[in-house]
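As written, the chain order gives the labels A, B and C, with residue 1 at the start of each chain.
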Amino acid sequence: MAKRIDVSGLNAYYGSFLAIEDISMTVEPRSVTAFIGPSGCGKSTFLRTLNRMHEVTPGGRVDGKVMLDDENLYGPGIDPVAVRREVGMVFQRPNPFPTMSVYDNVAAGLRLNGRYKKSEMDDVVEKSLKGANLWNEVKDRLNKPGSGLSGGQQQRLCIARAIAVEPNVLLMDEPCSALDPISTLAIEDLIGELKERFTIVIVTHNMQQAARVSDRTAFFNLAAVGQPGKLIEIDETERIFSNPSVQATEDYISGRFG
Amino acid sequence: MDISTQNPTSPPTPQPTEAEAKRAARGATRPGDRIFVGLSRGSGIFVLVLMGAIAAFLTYRASIAISKDEANFFTSFDWNPAGVPPEFGIAVLAFGTVVSSIIAMAIAVPIAVGIALFITHYAPRKLGGTIAFVVDLLAAVPSIVYGLWGVLVLVPHLNGLYGWLDTYLGWTGVFEWSGGPARSLLAVGILLAIMILPIITNVSREVFRQVPRMHEEAALALGATRWEVIRMSVLPFGRSGIISASMLGLGRALGETMAVAMVLSPTFDINASLLDAGGGTFAQNIASKFNEASPMGRDALIASGLVLFVITLLVNGAARMIISRRKEYSGANA
Amino acid sequence: MSNASLTDQRPPSSLRGATLPKWFAWAVAAGAVLLGLGISFAAGLDSSIQWALIAAVLFVAGSYGISAKVEGRRQAKDRTATSLVWVAFLLAIIPLASLIWTTVKRGVKVLDGYFLTHSMGYVRDTEPGGGIYHAILGTLEQVGIATVIAVPIGVLTAIYLVEYGRGKLAKAVTFFVDVMTGIPSIVAGLFILSLWILILDMGYSGFAGSMALAILMIPVVVRSTEEMLKLVPNELREASLALGVPKWRTIIKVVLPTSIGGITTGIMLAIARIAGETAPVLLLVWVTNLINANPFKDPQASLPMYIYLQFINSGGQGAAYDRAWAAALTLIAFIMILNLVARGIARWKAPKTGR
């Protein structure tokens, strides 16, 4: 299931503004890669280029190459809709469909892709909710609206929704920033389990979180406001936090700026 | 921030104590405050009184007419208030009003929702803005001009459509056409549809625009096509908005006067065919008959106006209820 | 862990769907139009409405069929939705463009300086000449009086709702203002008719019409003013109150000036809306061919009623008919200018709070 992502020479624009410049990196399958860096350094923008969500923002434009195993996501004839099905995404704020029940939220992605028998669908929903560590909490209210859950439960519901379609990669854009510490812990545990099956990329503002959950960490920075964001370095998380090779990384991690 | 500079009259006062600030915030303690509160509350109450007065005076005049009516006011097909004895009823008007409004809604709602989606989700940004602006302007075109255009341009163009409907669907009876000018309830319905398009479009557009970006992104990230995004997140979010927009449009269609009066060739009769002359609407009937009405006739027209008032009141009230419920609903999830 | 039955349903190269080229939609559209014209010609249909409808149906069906074959059902559905939305847009644009075009084309015939500065006097319906001076005068007076009545009431009501209103009274006012927005203009006319003309036994006059127009205007003013006042940030009010400024002076000196641009816009849009109202004027003011500058006595002309009168007297052609269109063009121009100016003010005075 899990696939390797290989990015080379990627630029992303908002209109004529260059938001991130010349990024190249490899994301290993079945591992967690964390993106850290100060606000506005383009880490979320970069994340959104990995499933072609950047281009749905008005003026959003990308050039460069993103290889998912051996296919370039930005190659000719690639259908962005199909890409997003292969590369799932979890957002900063939990966003279950407000008019759908818990069950329908999880089933939403599958329903787009053809018909399933009721029993098949039940299985997938149960397995996805179990996979998101949410099953025990919601199994008695599958038909209640998804928006009635707590924030942390909603976020796990969104994760269940994303993994229900069996993507190859799971992108997480600051998935815990709107959650309380206990829910955050639950999600972090979950990330640890999910990496057995998926390639996971997570953007986070919280460096302890990056240190706790990720195998590799990428540090992004920008020279000044109005300048494009750049990848400073990417390495084993342990190395980044103990002995980074670039001074700026150490400054950021030790809290000297950002 | 630039407000403080716009306000040179407020003198530099020393920092007030907390108690003073509280008293000021509570207001209505000084004479100035009392007068101002009185004025503004008075205006609010005036609006309520006005609504009450409209209902009361219409009811009063209507009751004069209805008490002298020898026919059943609700079921009679006659309109002869000047006769001896006076006989009149609103059955024909109710039929014509309801039928023309239904036709208008059936045409206008899907198209208006389509345009609203076009503006918010399909058109390039600049084009969308321009269209929204044009639709806004069209909402301002007076009904008398729509009427003029309806008679001169729309009605002649409908002959072909009428003939076609008669040939292929004439057997239903509903689309039978005996060849007179196309100034029937169907023409009125089509014209009303064009007239209420802007308001339904505008309200739906506002609702679609309020769909939280994150709901659309949720669908996109699952690999939904544009239409699937709309079906999964935009339409469910906007459903109640579309309903209330449609009801606002319905309110307009029910009460539209001049355009209908100019296009329809009224007969005081119910006709099964939508293509042949027949029927009338409340508002049209008032405008057409008012000029030659006897005193009794005026009161009879007021009585029919009261019915129209009640109907539009119910429709608009329902639309507003739906909107306000939606607010609570989306607020709880924000 | 992967569910075999699910994975198997995917095409082998899942990222690369068969995609039709960009010009596909245009090609189908062109084909549909040609075919529509062809069918209409062959069947001897002469109405442009018919061939346009045929073309629209062909376009939607054609793009669905081809796309379903090549790209698959989901893409085809997406395309159908796109075509339907486009068709809706085009269907709506046609009558609206036709309306503007007809009015301008017919209206410019007799619209000139003379037309704007002379009344009808004793010009007969079939004769050319005459003008709309008396109607413009009447419309300006009636709308002006309506504005003078409606604006203070509307603005004060909005202030009450935003700044003071709590509890049941405010809720009731809000609800009934909303409902009032939907009162048909003819009903407002009937109300003034029964009160002013039938019960108080006053005659036709511009003022009677103004009262009905004011009823139509009040809710619009209240709603737009309310929206604008709500946009004023609370910090401004608190800043002023904390300086010890009484609440009423805070409202007049801080809240209103901040939102004056938006309020003006709302008022002008409300004026634009009532300037074209015909029904209440028909019941309450009637119409005359002569100049009557006194809005408080006797029938007065107005642009909408002028159009109506010329239209019914024309029988669909001749000098009166041209005059009806010229007056319609004048009325539309007046309303459009009001709209544009109102929007200009809104943009120029937009609160620079930066959202």
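Assume a residue touches a chain if its C-beta (ideal position, glycine included) is under 8 Å from a C-beta of that chain, and two chains touch if they have at least 3 such contacts.
Note that this is a predicted model, so its numbers are computed, not measured.
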### Task
Name, by label, each chain that touches both members of the pair subunit A and subunit B.
C
### Task
Could you quickly compare B-C and A-C and let me know which has more C-beta contacts?
B-C
### Query
From subunit B, which chain is the farthest off, judged by mean CA positions?
A
### Task
Compute the distance, rounded to whole Å, between the mean C-alpha positions of subunit A and subunit B.
46
### Task
Could you put a whole-Å number on the gap between the CA centroids of subunit B and subunit C?
12
### Task
Give, as an integer number of Å, the spacing between the C-alpha centres of subunit C and subunit A.
46
### Message
Please output the residue numbers of subunit A that touch at least 2 other chains, ranges allowed.
### Response
81-83, 85-86, 112-113
### Message
Counting only residues that touch at least two other chains, what does the list for subunit C look like?
### Response
74
## Note on the structure
Going by residue number, subunit B touches two or more other chains at 225, 228
### Query
Where on subunit A does subunit B make contact in their complex?
51, 53, 56, 58, 81-86, 88-89, 91, 93, 95-100, 108-109, 112-113, 147, 158, 161-162, 165
### Query
Where on subunit B does subunit A make contact in their complex?
125, 212, 214-215, 217-225, 228, 232-233, 236-237, 239, 330, 332-333
### Summary
Note: in the complex, subunit C contacts subunit A through residues 1-3, 5-7, 9, 13-17, 19, 74
### Task
Spell out the part of subunit A that touches subunit C in their complex, as residue ranges.
1, 68, 71, 73, 77-79, 81-83, 85-86, 110, 112-114, 120, 123-124, 127, 166, 197
### Parts of subunit C lying in touch with subunit B, wherever the complex brings them together
45-50, 74-75, 77-78, 80-82, 84-89, 91-92, 95-96, 98-99, 102-103, 106, 152-154, 156-157, 159-161, 163-165, 169-170, 172-173, 175-188, 190-191, 193-195, 198-199, 215, 218-219, 222, 236, 238-249, 251, 253-254, 257-258, 269, 272-273, 275-279, 282-283, 304, 307-308, 311, 316, 324-325, 328, 331-332, 335-336, 339, 352
